[in-house]
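Got some structures for you, see below.
Okay, so chain A shows up in both of these, paired with chain B first and chain C after.
So, the complex of A and B:
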């Protein structure tokens, strides 16, 4: 099996500040990888590079075997992302947010979108605008928009911030479903203890470098198949 | 994917109350158009509905004070929002994301130019006689000062001139909207692009009103008003010049803005 994500010797510098240094990582379809680290360690930068938001200063990123630098701004595979903040339209309802995004690809019908809202614990009939949502509700909606079209790659940055313990457990089960569907998943956070159970490998990001690590109750990081 | 991008861009532009702004624009422009004619009419002869469009609706004044700001506000889309990341990730291409917005803006500019024309014509049709020919007012005016279009037997019929007025205005509005978007992504500011673009239109309008006619061919704004190509004083700018000017700047801005849209994206 070929990796769907290949991060090869990636570095990122902002002026004299080195955020990432010679990072390499391969992720296979159906694999869940965790990234942990403190603020400013470089987790979010790595995820942004992976999603094509930020260019690496050196090194390459391949998605589905295609180098992002070959056609910068074009994604060769389908992605679902959740960053912090989730990036939702505050003046629309939760359902209208999802329907607007679903209309871009046109794969989902209204019923499918409503089902996703219910799945993440939100009421699709709620006419409240997203700007009035609690942090946890926004996060649930953000998770739904990332998952709803079964993308080939899922990128989650701090997905459990603002979620209650029950929702964190649910999130782990949604990840398992996406994993079973063949998605390659990368999850970053300060404390992934509760969802690390679904991660095959966990890496600590320290001063811009990736260090294989273990978490309590989690198997040691192993090499990719 | 391009057609879906255009559809989404259209929805994002005109969602909520901003989608209704075209109605007050039609009312205001129509009102101003007919008011101007009633003021001008007695000096030159009876007007008809076409005069409301040709002489009253699409003028340097209505463009600078009503059409441009309302159009820019209605089509405002903050391309720097984190939300936009989801749009282009779903489209899987920043090029399509940017290009589809440019096409949606062209459609919106055409709609607003048409609405401006129809608002003038509608008010004219209600308050003045309706005819397919030029009025005594249009034939009897004398070329005095700015906006001195006079209908002669060689002039195209009013319907053709009306279509030219609307098409030139649409090109001008498209250019202003693309300038706004490009400034937005270049400056990474949600509203600065809109404010700067309108300020530019007001600035050139003010300069022309104070007699600096030499800048007319070189700035966006008045040169997309058909009447400004028939001035009694100052340089006469061919309509073809303004069309070429608009297309050239559109090409430059679309390329520059597209390049800026491919820069690193901070949340």
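So, the complex of A and C:
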């Protein structure tokens, strides 16, 4: 099996500050990889590079075998991302947010989008604007927008922040569903113990470098499955 | 992908209030200009159709000093959708769009969406004003007697005077509606170009309010700067409509005046698309 994500010797510098240094990682379809680390360790920068939102200073990222820097139109593979904040428009309702994002790819019908809202525990008929949502509601909606189009790659940054324990369990089950559907998933956070059982490999990001590590119930990170 | 993003920008604008405020403001500013324009008539003695819908519209667009359309145009440009990219960046929604549309589709979609929404809003406002003018004033020009230098004589005797716009006067006399539509077209292009200043500013600035203020401030700074260095005929407010009363301007020059900055904005956007990341 070929990796769907190939991060090859990626470094990122902002002026004299080195955020990532010579990071390499391969992730395969159907695999869930965890990234842990303290604030400023470089997790979010790595995820943003992977999602094509930040360009590496050196090194390469390939998604589905295609160099991300070659993107002139659509991305080589479909991605779902959840960053902090969850990437929603505050002046629209929850449903309008999902419908707007779904309209970009044009794959989902309105009924599918409403079903995703219900799946994450939100009422699609709620006319409240997202700016008025609680942190937990925003996070649930953010998870729905990432998952709703069944993308080939899922990127989650601090996905459990603001979620109650029940929602965290639900999130773990949604990850398993996506994994069973063949998605490659990368989850980053300070503390992944609550979803550790979903992760197959875990890496610690320390001063811009990746170090294999373990969590309770997770095997030590290895180079590939 | 670009066309989908443009369509989304339109839907988003139509659901907001800015587009409707800009539309109302356009009509209101033109209506105020019509009110000023017709007050001269009370003195009497003018030939039939001397005050007409075409002249009223051209006056409102800047031919006469009795308008402040040229002052509100930067506000009309940014109100409908000028903050769309800044709002995405401020809220973090840019990432959700970028992974779906890519840099190319996303930024060009926002650029063209903002330009077309703003331009079309003002154009529709001007068309509505045209309908209003055709009810308020005669839809006819006075009898045309000929041209001497830059002056067109419309009536024998004491009322023979400078009357026609200085740019392309022959077209004004032969196809006045087309002429008015072309002048509206210049205002529409100007609005679109002024609107994308906000989009380009949002490449660097995340704060919505700052982006909108910067776009308006650039217009007035260019205006004041131009006047200070003695280029009054070439300042942006002059090129919105007052160029009609200035015989130094040729039609191609007027179009180029707005298209060149539009191309500069496009080049900056293209460079950002190539960069694949926001400036630091």
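Just so we're on the same page, the second predicted complex is superposed on the first by the 220 of 225 C-alpha atoms of A that agree within 3 Å, B and C clash if a C-alpha of one lies under 4 Å from a C-alpha of the other, contacts with A are read in each partner's own complex, and residues count from 1 in each chain.
Everything that follows uses one rule, which is that contacts are C-beta pairs under 8 Å (C-beta built on N, C-alpha and C of every residue); 3 or more make two chains touch, one makes a residue touch a chain.
Not measured: the values here are computed from a predicted model.
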Fit-or-clash call for chain B and chain C when the two complexes are aligned on chain A: clash
Partner chain in contact with A:69 - chain B first, chain C second, else both or neither: second
Touching partner for A:91 - first (chain B), second (chain C), both, neither: both
On chain A, positions contacted by chain B and by chain C: 48, 51-55, 72-75, 79-81, 83-89, 91-92, 100-101, 103-106, 145
Partner chain A, residues of chain C touching it in the complex: 1, 4-5, 7-8, 11-12, 15-16, 87-88, 91-105, 275-277, 280
Chain A contact footprint on chain B (complex, rising order): 4-5, 7-8, 11-12, 15-16, 81-87, 89-95, 261-262, 264-265, 267
Chain B contact footprint on chain A (complex, rising order): 48, 51-55, 72-76, 78-81, 83-89, 91-92, 100-101, 103-106, 145, 149
Complex interface listing, chain A residues touching chain C: 14, 48, 51-55, 68-69, 71-75, 79-81, 83-92, 96, 100-101, 103-106, 145
